[in-house]
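Letters A, B, C and D mark the chains as written, and numbering starts fresh at 1 in each.
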Amino acid sequence: MRKVFETVVGLNPNFSFRGKQQTRIETFSDAVFALAITLLVLSSTIPETFEDLWASMRDVIPFAICVALIIVIWYQHYIFFLKYGLQDKVTILLNTILLFVLLVYVYPLKFLARFLSEIYGGIFGIIETDLSRFGEYSHQNLKLLMVNYGLGAFAIFLVFSLMYWRAYKMKSLLDLNSYEIFDTKSSIIANLLMCSVPLLSLIITLIDPWGNFRTTILSGFLYFLYVPIMIVFGRITSKKSRRLLQD
Amino acid sequence: MRKVFETVVGLNPNFSFRGKQQTRIETFSDAVFALAITLLVLSSTIPETFEDLWASMRDVIPFAICVALIIVIWYQHYIFFLKYGLQDKVTILLNTILLFVLLVYVYPLKFLARFLSEIYGGIFGIIETDLSRFGEYSHQNLKLLMVNYGLGAFAIFLVFSLMYWRAYKMKSLLDLNSYEIFDTKSSIIANLLMCSVPLLSLIITLIDPWGNFRTTILSGFLYFLYVPIMIVFGRITSKKSRRLLQD
Amino acid sequence: MRKVFETVVGLNPNFSFRGKQQTRIETFSDAVFALAITLLVLSSTIPETFEDLWASMRDVIPFAICVALIIVIWYQHYIFFLKYGLQDKVTILLNTILLFVLLVYVYPLKFLARFLSEIYGGIFGIIETDLSRFGEYSHQNLKLLMVNYGLGAFAIFLVFSLMYWRAYKMKSLLDLNSYEIFDTKSSIIANLLMCSVPLLSLIITLIDPWGNFRTTILSGFLYFLYVPIMIVFGRITSKKSRRLLQD
Amino acid sequence: MRKVFETVVGLNPNFSFRGKQQTRIETFSDAVFALAITLLVLSSTIPETFEDLWASMRDVIPFAICVALIIVIWYQHYIFFLKYGLQDKVTILLNTILLFVLLVYVYPLKFLARFLSEIYGGIFGIIETDLSRFGEYSHQNLKLLMVNYGLGAFAIFLVFSLMYWRAYKMKSLLDLNSYEIFDTKSSIIANLLMCSVPLLSLIITLIDPWGNFRTTILSGFLYFLYVPIMIVFGRITSKKSRRLLQD
C-alpha cells in the first residue's frame, strides 16, 4: 500500500511522508485557500441583466490566471505538510505569514490580471483595449505595480524557503535519511531561486535605468526567467538524487 | 464492517474504495463547494424591511434549482475520490479546472435560474412575469445565454470524464479488478454522454435554423434528453456488470 | 478508551457510534454552518467611524440569538452523523435540504432577531424602539412573518425526523441493538414533536381568529410550548430506556 | 513515533494528547477562524484603479495586527483541543461563545487597528495622520472604545479559563496524571491573568480619574502589562513543573 500511496500522490516514493494524517493547520489553511479563490471570483457584482452577464464573462481569463497562481502555492503548501507533518510554533508562524501575504494579494492579483488581460487582449485583437478604467496609467504607477507584486512574490517564496529550512533544522528529530536531507536542501535552494527573480525585477524597477515604460516592460519580462532557472535546477538535482539513491 | 461501510454509503459493495481517508484535495474542494452554495444564497442584499423580506423569498425556487445542480456535481466529485483516492498532479489540475468552472458559473447560474423561474412562474400563473428587470430580452441574448451555459455544462462533464480516464490510466497501479475497470470505463462514457447533450444544444444554437426564439427553445429542451440517455445507458451497464460479477 | 470517548462527547455511552471517522458530508456541512454564522455576523457594513462602531454593537444581542439557534441545529446534525455515520444518497439528499433551508433562513433570521430585539429592547426600556426602519409594520406583514418562520422551523425538524427515520429503516444493516432502536425511534418522535409547534402556530396564524395583533402574539408565544413538551417527552423516554438497559 | 509527534508539534512531550483525531468541533471552528481572517482582509472594496490599489495597501499593517491576534487565539484553541479532545455539550457551548465573540469583534478590531495605525503612522512620520475619517474623535468615544475592546478581550480569555476549568473537572475521566493536572491548573490561572489586564483597563476607563485623554492613554498602555505578567508566571510554573517531573 505504501508504494501505491506515494505513487497515487505522484510524489517521489523514496520520500516517506510524515504528514499523512491531516492536521488542523492544513484544514485551517485549506479553508483560507478556498476562500481566496472563491472570493476572487465571487467578489464581483452579481449579474442582474444580460449586459451584466456578458460583462462578467470578460473576467474569466484574468480569474483563470489568478486561480492557477493560487493553486500552485496551495500545491507547494500541500507537499510541504505531506512530507514533514510539522505543527510547531515556528511552522505555524511561517504558515500564518504565508496565508496573510496570500490574502493581502488576492484583490491586487485580480487587478493585475484584469490589467494584463486588457493589454494582451488588445495586442491579440480579441478586445478593444480601454485602460482608462484602471485610472491614471503612468510610468510611476507601473513602477509601483512592479514593486508591489515583486514584494508579494518575494515574500511567498521566502516563507517557503524558511519553512523548508525549519524542516532541515529538525532533520534528526524527523529522522530524515540522507536522500530526504538532500531533497529538503534542494527545496530550500529552489525557493530561494524563486525569490531571486522578483528581487531582481524589484531592483531593476527601483534603479529605473530608462526612466520610462521600457523599465517596467523589462522588469515584467524578467519573470520568464523562472522557466530556464527551474529546468536547469531540476536537472542538477535529479542527477544528484539518482546518484544518492544508487549509493 | 466492510459490507456495512459500502452499503451505508449506498455504493456498489463490489467496488473497494481506495479513498476512505479524506485528503486535502477533498477538504479544499468541500470548502469551495460550500462557499459556492452559500454565496449563491447569501450574496443577495440583506432584508432590512418587510418588503425586502418578501422580495428575498421570491428567490427560494431559483436558489433550490442552483443548489441541487451544485450538489449533483459535489456528489460526482465525492464518489470519484472515494473510489480512487487519487492525489497526483494531473488529478489536482483537473480538479482545479472543475472548481474554477463551478465558481465562474455560480452567479450566471443564479441569473439563469431567476430568469427561468420568472418565465415558468408566469406560465403556471404563480407570479406576474416581468422580464424587463433582466435587461434587453432579445433572440441574440438568448442565443448567448444557451452558448454560455452549454460551454459550462460541457466543461464540467468533460473534466469528470478526463478524471475517470486518469483513474483508468492508473488501473494497474490502483490494482483495479476487471469489474472495477469496467465500472471506470462506464463512468468515462457516462460523462462523455453527459457532455454530448450541451454540445448538441450549442451546435443547434450556433446554426440557429429558424433565426428566432424557436431555436433557443429547442436548444433548451434538448437538455431533457438527459433522462432517456441515462436510463438506457444505465440498463446496458448494469446488465454487463451483473454478467461480469457472475463470471 | 471507548468509555472515555463516549463520555467526553457527553453522549449516552450505551450507544455505540458508527460515525467516529469524519466523512465529506460532515466536512462540507461544517463549512456551510460556519459560513452561515459568519456571514450572519459579518454581512453587516464595516464600521468606518465611531458612530458606525456603536451602531454595529447594537446587533450583538440579535446575532447571539441567531448564532445560538444555528448551533442548536449544528449540534443535532453532529449527533446524528456521529451515531449512524450514514453517507447514502437519501441521507445526502435530506442533508442538502437541511443545509438549503438553513441558508435561506440566515438573513430572514437576522431580520426577525433584530425586529424582536427592537420590540423587547423597548419593553425593557433598554433602547428607544423605532420599528419604522423595518418598513410597514402591519398585521398582514406580521402574519406573513409568522407563516415564513413557521415553515422554516417546520422544515428543519421534519428533515431531522426523516433522517432518523432513514437510520431506523437501515437498523439491520447498521446492526442497531434494541436500546439503539428505541433511541432512534425516540429521536423520530422528538423531532416530529418539534415540528408540531411551528405547525400549530402556522395554522393559528392562517385561521387568524381575532384578525389583529392578538393572533400573531398568540402564534409567537406558542413557541414556548417547546419547553414543557421536551421536559415531558424527555422523562417518558429516559424511564423506558432505563428499563430497556436493565433488561 | 510518540516523541516525534509531541516534539514536531512543539508541545511539552510530557503531556499525552487526547485530541489527536480531529473532531467536527475543530473542523467547524477552523472554518470560522479562516473566515474571520479572510473577511477581515477581503471585506474591503476591490481596487478598480491604481489609486484604489495604493489606498488598499495602506491597510496591510492594520490587517497584520488583526490577523496576528486572531491566530494567537486560534493557537490557544488548537492546543486546548489537542490536549483534551473534549466534545461534550458544555465544551461546545463555551466554544460557541468563543467563536461568537471572535466574529463580533472582527470588524471592530479592523476599525481599532486602522485607528491605531493612523495614530502611530503619524507619530513615526510614515504617513500624514488624518483622524477625521474615523468620525468624532472625542474623549467619550475613546472611553467607549476602551470599554468595548476591554469587554472583548476579557470575554475571550474568560472563556478559555472556563474551558480549562471544564477539562480540570473531567480530570479523572480524562485520566490526567499529576503533571497534567498541574498543567491544566496553570492554564486556568494563566487565562485568568490574561483576563485581569482588560478588566483593570476597563475599571480605570470607567473611573476616568482625569476626565480626559490621559485616562484612555493609561488604560491603553496597561495592556503592555501582559509581557511582565506572562514572563513571571511562566517562570513560576516551569520551576514547579520541573520539580513535579523529577518526582
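The working rule: a contact is a pair of C-beta atoms (placed from the backbone, for glycine too) under 8 Å apart; a residue touches a chain by one contact, two chains touch by 3 or more.
The UniProt protein names, listed by chain, are A, B, C, D = Potassium channel Ftrac_2467.
None of the values given here were measured: they were computed from a predicted structure.
Shared contact partners of chain A and chain C, listed by label: B, D. Among the remaining chains, C is positioned farthest from chain A, on the basis of C-alpha centroids.
For the touching copies chain A and chain D, the fraction of interface residue numbers used by both falls below half; the interface is of the different-residue type. Here the CA centre of chain C is 30 Å from the CA centre of chain D. Separation between the centroids of chain B and chain D, computed from CA atoms only, is 42 Å.
Residue positions of chain A with contacts to 2 or more other chains are 22, 27, 31, 35, 44. If you check the complex, the residues on chain C that touch chain D are 4, 7-10, 20, 22, 26-27, 30-31, 33-35, 37-38, 41-42, 44, 46-54, 56-57, 60, 63-64, 67-68, 71, 74-75, 78, 81-82.
Contacts from chain A toward chain D in the complex involve residues 18, 21-25, 27-29, 31-32, 35-36, 39, 43-44, 84-90, 92, 96, 99-100, 103-104, 106-108, 110-111, 133-137, 141, 144-145, 148, 170, 173-175.
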